[in-house]
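In the two complexes below, subunit A is the common chain; its partner is subunit B in one and subunit C in the other.
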Partner chain A sequence: MILLISAAELYSQSGAQDDLFSPNNRLKFANHLYAEKDYLRAIGEYKEFLKSADNDTARFRFANSFLRIGRFDEAAQNFKILFIGSKLEEEAKLFYYQSLFFSKDFNAFQTNYDSRFNFPQKYSLTLDRLNSATYFLSKTNLPSGNVLIKPFDDSLQTKLIYYYLMMKNPPKKNSVTAALLSVAIPGAGKVYTGELTDGLIAFGATLLSGFLAVNNFQHDHNFRGWLFTGLTAFFYGGSIYGSAASAQIYNARLQFNLDSEIKLFFEERNYFLPKIDL
Partner chain B sequence: MFRIRKYFVLLGIFCLQSNYAQSTVETQLAWADKLFASNQYFDAITEYKRVLFFDEQNKLITRVNFRIAECYKAGAHFYEAIKYFALVEKNSLNDSILIEAKLEIIRCNILRKTTERALQLCSEIERDERFYSKRDEINYWRGWAFMFADDWESASKIFAETPANKELKLLCNQVIDAKVSVTFATVISYILPGAGQIYSGKILSGLMSFAWNLAAGYFTVNAFVANRAFDGIVIGELVWLRFYRGNIENAKTFALEKNLEVSNKALKFLQNEYRGLKP
Partner chain C sequence: MRKILYILFVVVSTAYSQTDWQKWEAKQVSYELPTKSVAYAQNENASLAGTFLNSLKSAYSFLISDYDGDNCPFSPSCANFFVEAVEETNLLSGTLMFADRFTRDMNVFKGVNHYPLHKSGKYFDPAGNYTLNLQKIKFEMVNN
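So, the complex of A and B:
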């Protein structure tokens, strides 16, 4: 009996470390961390587990942990491992595309999408939507509107068509036109870009200082005449430059608002991704 | 006889298993403690979480949660720290652990500058008769909460209540004395341009401001005296008022900057040189 207890004591001391770190226990602990959303620590545990054993769910969660913490390249690489002969092949393929999508490497996504092979039917609509989203978010190489909005529900198509048209032909203001308008009538360029108050102030200031310049010259106040002439030139030049700048600001604001609106549209709907708990 | 021996053997196996499991967890806890002691907080949290996960008897739950919270606090992850201190609070078996967790939550709130919450928790503990003996400590943390909120007057009053906090009271008073009044700086700048800047310690800026205002004022008055009303209005509006308004704004900004500098210096002293208990 004494021998038995002594052996137990000795065994517990020496084997203690090993047991908690057995592959099975590592997996249990990793799953616990994953469920707790402590992805960074879960990665460490899954990594150690996968050194000694292979398990599709563990590999999937390992990759998904990378995805959740924004390490998209590692996520994509690990999802790729599950592409062949895995029971989670379909989900892995979808999540692989998600990794590419969230890494914001839209070109890589589109290239992969175009050359996709054997993609599961179950998630093909989700992938089509993600693909459309890449064009809406990157705004480059836009295909035809029908192709882009086809994967979405009818209720959303009006909005998406609007975004598409705004992207294709944004109602931008031309900075040269704005400047030329201000050359003709000071402040007119600002009115053209929607800055009505600024335009009227520019017009009033130029007119007033011009009048004061002329008036002072007429009354032989030459110094003040030149002073207001300089001021008139300053207001006039400022109005022209300001109009051109105002057009650029208008265009930048237009672009920014559109980008934000499109981003919000997809974010609010979680990019139309299905809820997959694995 | 044989039957008795068999029972002994079974008992032995049972002891072996339970002893082994618990000892494994405790060995791991010792390792986690070692990591904690060597400031490797990320790894320490991992190992503490492992201990927590494998501690089937939940014997270590309070101790380990407390340690995890301390690790998060050390890494300035106050939200997570409070979450784990709250777990300690929930699972505490006696009042001493309970109050310790509560005070730690207050300290985290002080550090993340959620002063209102820290003060609210102080009041809650103060009302609890079980913690009557902790009133001085609660007041101590209340004072710290005020210091972190830049309310040195309130902090000084709180520290004055306990003779042991004399050093902190003196520090608060020094800060109060060193600070300047933003309202006073603004008002004297209305009366005498540049005075507010000089009061806030920016002598050169104050003198420059005074000179600009004097010159602009002279030209404005001179224009009106010479019946050049238009010139007077233009110089007065575009030049003098610009410097006059600038002087008032500057006085306010400099006073605020000076106060911030004084507060930061005091907080730096508390962080690096103060030897007493810190949040």
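So, the complex of A and C:
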């Protein structure tokens, strides 16, 4: 009995001496959460760990967790800490730019890109591509086509030149021209904007009601004459207004389709970002 | 000749009227909030012109639309489109927008046009697209 009690005292609760919340345990748990892609909880554990110790990989993962859950500003701040004297300096710089890119603050990205210093050579092509993508996605202050397209493979350049030209000189339709065409010939503005059948119907409706108005007046049916005159004005006015609106819708659709296509182009290629597991 | 016309009339009426039979079939009850177009149809904060139009629309619904059935191929329907158009612009522009919509509705090839489909299976064609304001044009339905 004495032996049993002594042994139990000695060996039971042997883990009680260990601190479950020691930095080492926190780091292990944080790494586990990170591997499980539970980034939100990993951030909490890494944060506690980094209060008492410093570790480049932990800092990198801490920052990358912010990036993965879409807290881009905090991700950029933490990647920046690794810029000097860190063994992950090169990756941190690339991921810093990724954070700026995904925050959709393309102006900040372009400013940082222009003033970049000591950027690692092995990721410079990736950065150039990201920079080009910011111009394609934001469609503002477009530089020359050669600068934008140069970082990409030859097989993709034809497509990108097409996007570039569409952005520079989109084949838009003019609302005033469409309206004026319909003033001259009802429905012609719609044909101009590509709505052939709508244009023909507008022409037919105006023509038919106009004919009925004239015909009724000729046969002294004044009430019906005025009725069809009103109907003619209704269709004629609608055709002019509708042509102007149709031109605007055409332009909006053109822009919408181009934006969607460009977005899809870069998304499908994961923005040309290399796969880096750290 | 007259008999032939009567027969033709009856055949055509039978073939094309009451195309909304499905409307009366048993359906799952939806507890979703009404779509924008329905909510817009009776705007409590409407102006004098809006109130007049709402009255006109109620009369149209009561006397004609309810009997004719849910046959408009567009969403919002032409009547709702008119009310929305006037509320978004003014009486004159709204009338012109309605005239344009009415003409487009007569187009038997409108299915070939690129109207996006509403969840009800109708062509999504909101009044906002025709206000000549580029910012209001939308091709994707949001909460509709």
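Throughout what follows, the second predicted complex is superposed on the first by the 260 of 278 C-alpha atoms of A that agree within 3 Å, B and C clash if a C-alpha of one lies under 4 Å from a C-alpha of the other, contacts with A are read in each partner's own complex, and residues count from 1 in each chain.
Please note the rule applied: a residue touches a chain if its C-beta (ideal position, glycine included) is under 8 Å from a C-beta of that chain, and two chains touch if they have at least 3 such contacts.
Computed from a prediction, not measured in an experiment: that's the story for all the values here.
Once chain A of one complex is fitted onto chain A of the other, the partner contacts of A:147 are absent, as it touches neither subunit B nor subunit C.
Judged by the touch definition given at the top, the superposed model places A:239 against subunit C, while subunit B stays out of reach.
After overlaying the two complexes on the shared chain, residue contacts for A:278 are found with neither subunit B nor subunit C. In the superposition on chain A, contact of A:28 is made with subunit B only, not with subunit C. Contact with subunit C, but none with subunit B, is seen for A:252 once the two complexes are overlaid on the shared chain. Within the superposed three-chain model, A:175 lies in touch with subunit C and out of touch with subunit B [touch as defined at top]. In the overlay built on the shared chain, the residue A:264 is in contact with neither subunit B nor subunit C. In the superposition on chain A, A:44 contacts subunit B only, with no contact to subunit C. Judged by the touch definition given at the top, the superposed model places A:201 against subunit C, while subunit B stays out of reach. Looking at subunit A, you'll find no residue that touches subunit B in one structure and subunit C in the other. Against subunit A, the residues of subunit B that register as touching in their complex are 8-9, 12-13, 15-16, 19-20, 23-25, 27-28, 31, 45-46, 49-50, 53-54, 231. Within the complex formed with subunit A, the residues of subunit C that make contact are 93, 95-104, 106-107, 109-110, 112-114, 129-132, 134, 137, 139.
Contact residues of subunit A toward subunit C in the complex are 175, 195, 197-198, 201-202, 205, 234-235, 237-242, 244-245, 248-249, 251-253, 256.
Considering their complex, residues 1, 4-5, 7-9, 11-13, 15-17, 19-20, 25, 28-29, 32-33, 38, 41, 44, 224 of subunit A touch subunit B.
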